[in-house]
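Letters A, B, C, D, E and F name the chains as they come in the text, with residue numbers starting at 1 for each one.
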Amino acid sequence: MEETKPRKIMFVNRKAPHGSIYAYEGLEVILIFGAYDQEISAVFLDDAVLSLKKGQDTTELGTKGFSATFRVLESYGVEKRYVDKESLAQRGLTEDDLVVDVEIVDAAALRKVMGEQDVLLPF
Amino acid sequence: MEETKPRKIMFVNRKAPHGSIYAYEGLEVILIFGAYDQEISAVFLDDAVLSLKKGQDTTELGTKGFSATFRVLESYGVEKRYVDKESLAQRGLTEDDLVVDVEIVDAAALRKVMGEQDVLLPF
Amino acid sequence: MLHIVNKSPFKFRNLDSCLRIAKDDDPIMLIEDGVYAALPGTTLDRMMKEALKTHSVFAIQADLKARGVDRIIEGIQVCDYSCFVTLVEKHVPYSWL
Amino acid sequence: MLHIVNKSPFKFRNLDSCLRIAKDDDPIMLIEDGVYAALPGTTLDRMMKEALKTHSVFAIQADLKARGVDRIIEGIQVCDYSCFVTLVEKHVPYSWL
Amino acid sequence: MKFGILIQEGPYNHQASDSAYNFILASLAKGHEISGVFFYNDGVINTTKLMDIPADDRNISKRWSDLGAKGVQLIVCVAAAKRRGISQNVLIENARIDGLGQLSELCIESDRLVTFGD
Amino acid sequence: MKFGILIQEGPYNHQASDSAYNFILASLAKGHEISGVFFYNDGVINTTKLMDIPADDRNISKRWSDLGAKGVQLIVCVAAAKRRGISQNVLIENARIDGLGQLSELCIESDRLVTFGD
């Protein structure tokens, strides 16, 4: 392990928001990690693409909303943000349904970039 | 609601043992309920049929085993014990693989008996 | 009997199990992440449309709003907690956890 | 990359997601309820046999024993925690939670 | 009608506790009686008074305690509580730790038993 | 090698804590270093000293504390702990409550980071 080289740390998000706290707590971790000088990236796969859906309003539910926070990922140093194409399609969503600018990638591209990481954190 | 008539209370077990505590804590509830004069029954559906599998030995794992306890359900007043036929088949199991004598039922029979209950408890 | 489903049908097979066992005419209540089953144009679209032929399907409004699900499959009924309570008055509930 | 799967494939779709994304030759480690994927003669038998063509698949011995899974699909390798550690030495792990 | 409520999950981690609370409010608003709320499994974590919640978020244990003050029975399973470090010393007001027999009573005396969990 | 461990689930309710513990023992036996165990989400419940466990079952929080005594860093996320009623007063010995930045440090300094959860 080389101490000086920045580490490639990827957040692999797969859980839906609101039904459980993982998506929210995962986002909190990403924002903290952005402050460290590492190569941080985030992938939204499976149900995690639902975290990025436009129009979420938790007022009536009485719980905390957090979808707007995904918009600041870039300014927090999370340079790469990938969304799995098939996960979107399975859920009837397109890029226009999402609150953030992301790179839509297919399984082959995802496979490649995940394989290049030093750390893969599941949320 | 008639206070004097025994209530039909059914435990609908659907979770696998060991990976989470639900199957174990569900079993604890069944044993307590047997002491009350109600019509108690238990159904093993989906992954819960795995709780009844013979040959479970948690020694190496370091956790508590409990599959033997299913054998005493009858003496604890749990008169009816159903196992879903399709759940067994999906998992490559037959009646011979189970630690207890149960009634193997199909979806139609299960549908009927579940529809007759006053309380359905999920574990 | 009222079938309550609270899990995303894309990650869990709970809704499949529910639909296999539910009796014709038994209502189905989608709550929490279960409301994602109401999204139109998904890989589950056909399964849901089939379910709607024999079941009333309801989805909690607050859960739909929280998740930004503003378009839903035709025939699924939006339901507030008061409507959920009414369904529980009429049917013995079971939660497909 | 080492793929760790800890959920029953009969209730959760985690293993399906893992198999869709896993690169050829990436090993797959079944732990906890994930070891149920090693049961032979199930509805997932074909999927597992297909997976074994391109992946080494391991299952934790203590988890198999705890669950009474004494017969497993041919080709799946029984692995103790020490063997699990060796796999983590060699590959960056990801848990499909 | 009389409704019994069974909660199997801890607060915040899963929505179960929120859904149960919203269901209870709607039930009371329609004139139903809540015969009791039974906290089992990780559900017992709903009843610790040690929670320290950010000002902009709901305080789930306080919400339960307030409901208890209005006369709703809050019953915490003793066996599940012990495993998770919930004892009389950390218990919210208006809740009580009791045995699984109380869940059985709840099933017998309630017209409906509704479970919220994971 | 240096292994960092992330635990996202509470004890007993899920097997995550047991799997992590068994993995750590095997790692130490093979001469690896555990650079730290970070408890996040419900994982923080692993570190309450108030657990009261039946004699025939493993005491999970004691097991962690004993591992801490052997020099393994046990770090409990402060934000997650607050939500779940875990504070300094109820914390097991040999663990410390700290910020999420510590998880970042763990990712940077460890050769591998292994997550156990639900």
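The definition used in the following text is that a residue touches a chain if its C-beta (ideal position, glycine included) is under 8 Å from a C-beta of that chain, and two chains touch if they have at least 3 such contacts.
Remember, predicted model here, so these are calculated numbers, not experimental data.
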item	value
Farthest-lying chain, centroid of Cα atoms versus that of chain C	F
Of all other chains, the one whose Cα centre sits farthest from chain D	E
Centre distance in Å when chain A and chain D are each reduced to the mean of their C-alpha atoms	26
Residues of chain E whose C-beta touches two or more other chains	8, 12-13, 15, 22, 41, 113, 115, 117-118
Chain D: positions in contact with at least two other chains	6, 10-11, 13, 32-33, 62, 92-93, 95, 97
Residue list for chain B, restricted to those that touch at least two other chains	14-15, 18-22, 46, 61-63, 118-120, 122
Those chain pairs that satisfy the touch definition	A-C, A-D, A-E, A-F, B-C, B-D, B-E, B-F, C-D, C-E, D-F, E-F
Parts of chain B lying in touch with chain F, wherever the complex brings them together	18-21, 61-64
Contact footprint of chain F on chain A as seen in their complex	1, 7, 9, 21-22, 25, 28-29, 32-33, 35-36, 38, 118-122
Chain E to chain C touching residues, read off their complex	1, 3, 8, 15-16, 19, 22-23, 25-27, 29-30, 32, 112-118
Chain E residues touching chain F - in the complex, by the definition given at the top	10-13, 41-42, 45, 48-53, 61, 82-87, 89-90
Chain F - residues contacting chain A, complex	2, 6, 8, 40-41, 79-80, 99-101, 103-104, 107-108, 110-113, 115, 117
